[in-house]
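Each remark here refers to the structure printed beneath this line.
Lettered A, B, C and D in written order, each chain numbered from 1.
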Amino acid sequence: MMPSEAMGWDRNQMAARAADELEDGWYVNLGIGIPTLVANYVGDKDITLQSENGMLGMGPFPYEGEEDPDLINAGKQTITELSRTSYFDSATSFGMIRGGKIAAAILGAMEVAENGDLANWMIPGKLVKGMGGAMDLVAGVGRVIVVMDHQNKAGESKLLKSCTLPLTGTGVVDRIITNLGVLDVVEGGLKIVELADGVTEEQLREATEATIVN
Amino acid sequence: MKKVYGSASEALDGLLHDGMLIAAGGFGLCGIPELLIDAIVEAGTKDLTIASNNCGVDGFGLGKLLDSKQIKKMMSSYVGENAEFMRQYLNEELELEFNPQGTLAERMRAGGAGIPGFYTKTGVGTQIAEGKEVKQFHGEDYILEEGIFADLSIVKAWKADDTGNLVFRKTARNFNPPAAMCGKVCVVEVEEIVERGSLDPDHIHLPGIYVHRIIQGQHEKRIEKVTTRSREEA
Amino acid sequence: MKKVYGSASEALDGLLHDGMLIAAGGFGLCGIPELLIDAIVEAGTKDLTIASNNCGVDGFGLGKLLDSKQIKKMMSSYVGENAEFMRQYLNEELELEFNPQGTLAERMRAGGAGIPGFYTKTGVGTQIAEGKEVKQFHGEDYILEEGIFADLSIVKAWKADDTGNLVFRKTARNFNPPAAMCGKVCVVEVEEIVERGSLDPDHIHLPGIYVHRIIQGQHEKRIEKVTTRSREEA
Amino acid sequence: MMPSEAMGWDRNQMAARAADELEDGWYVNLGIGIPTLVANYVGDKDITLQSENGMLGMGPFPYEGEEDPDLINAGKQTITELSRTSYFDSATSFGMIRGGKIAAAILGAMEVAENGDLANWMIPGKLVKGMGGAMDLVAGVGRVIVVMDHQNKAGESKLLKSCTLPLTGTGVVDRIITNLGVLDVVEGGLKIVELADGVTEEQLREATEATIVN
């Protein structure tokens, strides 16, 4: 089978599709990688981004020369504030995450299982840097949306019957957006919500190990 | 009751002992107690357990205490931004207890608030839950996490008055308040000590009751990842 | 996303139902959501359970909801500053669940932070501990207290911007932030709605994420016990 | 037996004696009644008073006309702020109480038992207003000092072998200051630390039901 990169949506299209998931007035946490790009596609919607190191209302990167060492995001990048911004400590920040106040998190993943299990923090035998805030996010936020390539570099499905890697959370994923389409975690498996441009249902099914239900 | 000290070494005098548990504020290199870390390197205190979200970078922040091999164990959510950490960890010279970031922050806050244990959904069904009590509330599983009670807190704030009332700046606040709360003794370094009464009492982030010793000093405030946008994007 | 409403009744529209659990901010008559209480009286919602440190006085604050017999149960630490409360309680028309004040505040904060239960030493060996799980930590007994998850929070703040960022004033802050955190929906009344960006982001006491609807209004701010000193004492 | 009011220290002397217990730099919570008077006797010591409704650095009552409805103490009285004052919410306030950050609480009591049990919040059959913050304080602060009359109005000892009223806390009292003297809770019972002016050890022993040890 061909590596999936060749098919369907590219990174920006996936990010744009993920942005469609966000509703006006939502407070949202975006993970690193493709999820970060989602911010470019929210358009006119009133979305407030949380940075879990202690900020709501995360603005864009600063202009050169205007970096502030006291103002970084959870990826440790320099950022800016907005007119709606508020700062708070880490216990408060994760209080709002754990307490379900964040409407959605958009995260990358290594594996998602058909029951919603998520693995995105460690590969045994490889260097492990830690889960950071990922376990708190998937356990706490209102809706977990995974954005990832449908297959890994070896062409194997990342949507599995059950995860092989250590879990970040159990039964936590609500929706998966891949280069091949959009799938929901439902009773009994994954349900196809939408196909990416030029992708057939057969192609998506063939690229998927997880059970696909109607 | 004098809380203001002349230097980081003076402020730590009598508070350090081998094998102690230190809670440190900061996220990445943002809002870290640079000067107090340097003073602990100088003091040479050994076998430290450090509760801190991260462990600095090679040659800066808590990375310095790795270089000097003073750390026995880290309690963190994300580490390994430096080669020396991974070298010591893979050689089993360093213990590592992973905590989900929010669990770590809440464990510190809990210790400071006299709460020895609390239940959370974070980590249920994962490696993090191994060996921890599971309890059902409203039909769902939660795991028991314990409060952290540190021997010493080291914290970085922006401004203090001489009674120890603290104000932090932007995202440099992060783990500093919960770290400050959970220590038997809390030592704070600030950029500026201001006159009593000049901080608005409605805007104090951490009341002086949590703060035992204060120093004022110069901070490098190194940036880990400088990211900018071009002016053309605007 | 419009959070600002024209009146207390409008702001509560669609949020009230008989038998619901409401968390209310305030301590005594200080920092209470006067206008929202009045609107609930007007709405006539019945069989309310209210988590609030106190229950107002005759004819003011939550006392009005007693007069109109809309309260089924109070979760409080200190009550009975009004005759009607005691009359209903002694006639068994009103249920009362006493919570130590700090336990009540922490139960609200816990509910808001997704913590269904925590252990505390407060109340161990007293009536408050009856029926509650006891667990040992470090050789001492603690009791399990549960987070409060309210259907609605009613809160009084000093200032808000239109995104719901709140600032409180002096001791009128009290239970308002924890009460705000523990509700599925939180409605806030303020003295002034200010322009977005005019509140310093470092000085926001409660971020707008906790706040769903806001009204601006006139507050009576009644004082329960006026106590003064004579100028001669100075 | 004579009611105890006639003997030993009066209210102000008890408050002054209690003030001697406080050390420079301490953060202290004072209960209502006689404990409130302690503030008048701290002299030059650097004492910061907590009001558990959300304030450290409680100042005196305001001058007439300067009352602020947003500035009250835990007894709901109007007060003032000082240059060291900070405000915070109730969860934070009791976090510092429960977390042992308050060095001492000075409280009134109905009964104290020789094992340190304290009863000061309800009398069965009478109107019960609630414990307020008393249970949190006695469980959390560093040192609990009770200030009360040695005997009740019927002339009965308030220092008992065991409390008859519902408890506020078990084994929580460290020191008791009465009109007759000062006693510590120690292994096996109460130990006399000091006799009030003009009170003999015999008088104190006679007025005390609790076991007195050497």
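Here is the rule we use: a residue touches a chain if its C-beta (ideal position, glycine included) is under 8 Å from a C-beta of that chain, and two chains touch if they have at least 3 such contacts.
Fair warning: this is a prediction, and the values are worked out from it, not measured in the lab.
Trainee: Select, from C-D and A-C, the pair of chains that is joined by more C-beta pairs in contact.
Mentor: C-D
Trainee: From the C-alpha centre of chain A to that of chain D, how far is it in Å?
Mentor: Comparing mean C-alpha positions, chain D is 55 Å from chain A.
Trainee: Report the inter-chain centroid distance for chain C and chain D in whole angstrom, where each centroid is the mean of the CA atoms.
Mentor: Measuring from centre to centre gives 28 Å for this pair.
Trainee: Please tell me the distance, in whole Å, between the geometric centres of chain A and chain C computed from their C-alpha atoms.
Mentor: Using C-alpha averages as centres, the distance is 36 Å.
Trainee: CA centre of chain B versus CA centre of chain C: separation in Å?
Mentor: Here chain B and chain C have centroids separated by 32 Å.
Trainee: What are the residues of chain D that contact at least two other chains?
Mentor: As it turns out, chain D has residues touching two or more other chains at 81, 87-88, 94-95, 97-98, 140.
Trainee: If you look at chain C, which of its residues touch at least two other chains?
Mentor: Touching at least two other chains: 106, 109, 113-115, 120-121, 168-170, 173, 201-202, 205.
Trainee: So which chains actually touch one another? I want all the pairs, not just one.
Mentor: Every pair of chains meeting the touch criterion: A-B, A-C, B-C, B-D, C-D.
Trainee: In the complex of these two chains, what residues of chain B are touching chain C?
Mentor: Residue list for chain B touching chain C: 106, 110, 113-121, 135, 137-138, 142, 146, 167-170, 173, 200-203, 205.
Trainee: If we count contacts the way the header does, which residues on chain A are in touch with chain C in the complex?
Mentor: Touch list, chain A to chain C: 24-25, 27, 46, 48, 50, 56-57, 81, 83-88, 94-102, 140.
Trainee: Which positions of chain B touch chain A when the two form their complex?
Mentor: Touching chain A from chain B are residues 27-31, 53, 76-81, 86, 98, 100-106, 108-109, 120-128, 158, 168-178, 205, 221-231, 233-234.
Trainee: Touching residues of chain B toward chain D in the complex: what are they?
Mentor: Checking each residue of chain B against chain D gives 1, 109, 111-115, 161, 163, 165, 181, 196-197, 201-202, 204, 207-210.
Trainee: Given the complex with chain B, which residues does chain A contribute to the contact?
Mentor: Its residues touching chain B are 51-55, 60-64, 66-73, 75-79, 81, 87-91, 93-95, 97-98, 117, 127-136, 139-140, 166-171.
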